[in-house]
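Shared between the two complexes below is chain A, which pairs with chain B and chain C, respectively.
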Partner chain A sequence: MNRARTALLTAAGTLLLLAAMEAAGRLGVLGESWPPLSQVVAALGDPVTRDLLGRALAATATAAGTGFAAGALAALAVAVTGVLLPVLKAGLDRLAAVVHAVPLIALGPLLITTVGREGTPSVIAALAAGFAVFVAATSGLGAASEAHRDVFRALGASRRSTLVRLQLPAAVPLLLDGLALAAPAAVLGAVVGDWFGAPRGLGVLLVSSMQNFQTELMWSAALSAAAISLLAYAALAGLRTAAARRFA
Partner chain B sequence: MATTGISESPPAAPAPPAPAALELRGVTKEFSLRRSRTVTALESVDLTVGHGEFVALLGPSGCGKSTVLRMVAGLEEPTYGEVLVEGGAPAHLVRRHRLGIAFQEHALLPWASAYDNIALPFRVAGRPVDAARVTELLELVGLEGFADARPRQLSGGMRQRVAIARALVLDPEVLLLDEPFGALDAVTRRRMNFELARIWADQRITTLLVTHDVDEAVLLADRVVVLTGRPGTVRHVEEITLPRPRDRALARNAEFHDIVDRLTALLDEGAE
Partner chain C sequence: MNGRAPQHGTRALHATGRLLSRYWTVLALVAAWGAWVRTQHLNQIVAPTPAAVFGDVLDNPGAYAPDLGWTLLNAAVGVALGMLLGLAGALLVWTSPVLSGLMTPMALIMRSVPVVAMIPVIARVVGFGTAAVLTITTVVSFFPVFVLAGSGLRAAPAATRDVFTVLAASGLTRLRLLLLPGAVPALLVALRLTAPTAVLAAMLAEYLLGTHGLGQLFARSVTFMDPARAWGTALVATVVSVLCFVGARAAERQGTARFT
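Now for the complex of A and B:
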């Protein structure tokens, strides 16, 4: 009953939003750069446009996916290092904060000269996703209760054994929360990374269609980026709900 | 069995040949609060527990009795005095995985089955899990059919049984129980007391039980040490000579009630 109601409200909200977009476009209240939604969808009927968008989408999704995986693994490795070598913990926390504080845009020129134009989107995606995962992993690894820690200490558990048998399993729900937040960040990072001269990608398409006043194309690129963000988020959030029952 | 700790015993005084299982000598414990203020939890506590002896530390909440147990487990350090386990520092016993412990919060791993929770000490010690031993423990605590159940699927009493089985699985030299039945209802608690009496009679492990339940202390222990006041000090030591096995017939034993009444009165005075 309750779940059905939630689903109904979600569907109603989505419909309302889409209808508002359509209406705003038809009435032209937000100017010429806001086309009706139906017109954006209709533009996808053209095979050339569809092909163009498809390739851009594939490029961005690949960059976001590799960046997400690499960023998440690196962040987890850094968080685990902080647990195994407590002397490094404070330093690693600060390093992560400093890296995160540097605007991603400012790293562009540096990345172009180091990893090249093609690699830049995935690296920026990795940096964007990595911080969210790092924060989640750090708090997740500290989430085990005091009583559990006492039991492990009294059992004479090594730091590694405590990590593997207590801290990592206890971190799973928070870690999946972090991953769910990191996925949209990775997509955004990949799109931003496209702007530094990547050969193709949604970011490239956004900029070129904007400059050429191809409003429908620009919107379809923007909506595609939003769609993959939402899909990745929904998938990981679902996984988290399933895991919460198992691990908490 | 416990010869490794001897080198640790201090050369002071004509030391007895075999060290006691547990020994607290003039132990004072202070906790620091904010702004360099300290609170004294325990004041010059002396306590000796012999091999195979069951000692209950009885006292009201806040008398520092759990602190005694935590120091024996190596989870806290005494501020003054010393804590010896088998003649050595508690850390020695812990490092050899020879200490069993159970708390009021069962502290079972929620993602692991009853079987895996009981097998945990093997894994932590880096030893292959002895499946027969784990099954034996499941039987000992009366949970044969629940090997695959997760803690969430078990009742409060069953969870504590799993926690006690986990504490016993490596056949520890010292068993520490910190209010293991404190979160249970009165009826379940009493049933668990008799279960523990049965299990203990079977194993005869050196045991230190911390409790505020007078009946529980008298029912289980060879000796009850009454701790009162803030800071906590040893107020009285009562030898319990009631015959074993102790079962429900104890409820009709006049001596049992006599001891319980006397100790309850002591706690009552101490509360003023």
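Now for the complex of A and C:
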């Protein structure tokens, strides 16, 4: 009963949000640049717009996806290195924090000279996603209970077998949490990466349509970026709920 | 560090050792950057040496200070507004379970939509210039505060809540004496999350929209082929963002110790 009520309220909240966006556009309270939602959707009926948006969406999704995968793997590798060689751990933590603090715009020119305009969005996506995964992986690998650790120590388990048989399984729920948070970060990284002169992508479309007063196109690009990160987040968060039951 | 004289030497040695064990990776990064520029024989326009960048920042602090101050002001005002609005929103939702259910999609959106990517949309709607930069820093800090303050308000232990119920405390008293102090740690966590992000979001907006500030200084330096200044801007922004994080974390530790 209670769960049904929550679901009902959530659905009502979503509808209310969409209705508010539509109403704000119809009434023009936020000016010309806030069109009604229905007008944005109707603009997708035009095959040229749809084609343009589709290509941009594919480019951004690819960049975000490869960045996500590469960033997550690299972050996991670094976190595991920290566990296997504890001497390095403090330094690796600081490195992650500093790399995360480097402003995205500062990376633009550097990446364009090193990996080129095409590669920049996926590298920024990898950096953004990698940090979220790294933080989750570090705390996940430390999440095994003290009692379990004592058992492994008493039985004389090596650092490697403790990692494989205790720490990695214990890290799964937190790791999936980190992956869920990393998905929107990867989409953001890919969009921001587009702003440094990538040939195509949602970020390019956002800025060019902003400059050319193509309000519907701008909104459809923005809503597409929001939709892919929402879907990726929801999928990973669902996986996390399933895994939490298995690994709890 | 008020160590007694005989221990002074070993203590300094220890401190250096600790600093090295924590920051060797950062030093290695700078060394790798220097080596990369030297071995690849890169033109200074493509990539300046660390010495050139650090030198430019240390020799011309006056060139960075006004823009840095403006960016920090934008970020600080945005964070302050975002925290106020976020807390107000959380209080509003706290008063009614129906409202709180209706707001669940908002919480999901906060976790999953890349707000910073919406800078072009926000600029188009509120107009280019400082208003857009402030809106972005406000929105970036609003969502975490809203969600975390909301859970902070609900975090009061059941036993203490019962005491207030037994004593027939009014809603306002309960809020003032129990719930708001209980929400302070959550607010401080939100501050730690948003402070560095707000600085970076302000820079990105300045870069894209060409308003004053570090982001614009960066764009200008790139356009006028002054790589030492451009990389210097990045260095200043990195240091400032790390300092914001460190400061907010210190505030969080102090506050958590005081309020729990």
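Keep in mind that, in the parts below, the second predicted complex is superposed on the first by the 248 of 248 C-alpha atoms of A that agree within 3 Å, B and C clash if a C-alpha of one lies under 4 Å from a C-alpha of the other, contacts with A are read in each partner's own complex, and residues count from 1 in each chain.
Keep in mind that, in the parts below, contacts are C-beta pairs under 8 Å (C-beta built on N, C-alpha and C of every residue); 3 or more make two chains touch, one makes a residue touch a chain.
For clarity, every value in this text was computed on a predicted model and none was experimentally measured.
J.: Which term applies to chain B and chain C once both are placed on chain A by superposition, clash or fit?
T.: The answer is fit.
J.: What is the C-alpha-centre angle with chain A at the apex and chain B, chain C at the ends, nearest 10 degrees?
T.: The vertex angle at chain A equals 90 degrees.
J.: Of the two partner chains, chain B (first) and chain C (second), which one does A:A61 touch, if any: first, second, both, or neither?
T.: A:A61: touches no partner chain.
J.: Between chain B and chain C, which makes contact with more of the residues in chain A?
T.: Residues of chain A touched, chain B against chain C: more for C.
J.: Just chain B (first), just chain C (second), both, or neither: which does A:A43 touch?
T.: A:A43: touches no partner chain.
J.: For A:L179, using the defined touch cut-off, is the partner it touches chain B, chain C, both, or neither? Pick first, second, both or neither.
T.: neither
J.: Given the touch rule stated above, what does A:A154 touch, chain B (first), chain C (second), both, or neither?
T.: Once the two structures are laid over each other on A, A:A154 reaches chain B alone.
J.: Examine A:I124 and indicate which partner it touches, taking first as chain B and second as chain C; both and neither are also allowed.
T.: A:I124 sits against neither chain B nor chain C.
J.: Taking the superposition as given, does A:V98 touch the first partner, chain B, the second, chain C, both, or neither?
T.: second
J.: For A:V80 in the superposed arrangement: first (chain B), second (chain C), both or neither?
T.: neither
J.: Note down the smallest distance between any C-alpha of chain B and any C-alpha of chain C in the overlay, whole angstrom.
T.: Result, nearest C-alpha distance in the overlay: 14 Å.
J.: Given the complex with chain A, which residues does chain B contribute to the contact?
T.: 70, 73-75, 94-97, 99, 101, 103, 105, 107, 109-111, 120-121, 123-126, 176
J.: Which of the residues in chain A come into contact with chain B in the complex?
T.: Residues of chain A touching chain B: 145, 147-148, 150-157, 161, 165-166, 169, 246-248.
J.: Which stretch or stretches of chain A touch chain C in the complex?
T.: 5-6, 8-10, 12-14, 16-17, 30-31, 33-34, 87, 90-95, 97-99, 101-107, 109-110, 113, 181, 183-185, 187-188, 191-192, 195, 202-203, 206-207, 209-210, 215, 218-219, 222, 225-226, 229-230, 232-234
J.: Looking at the complex, which residues from chain C come into contact with chain A?
T.: 21-26, 29, 46-47, 98, 101-106, 108-109, 111-114, 116-118, 120-121, 123-125, 196, 199-200, 203-204, 207-208, 215, 218, 222, 227, 230-231, 233-234, 237-238, 241-242, 245
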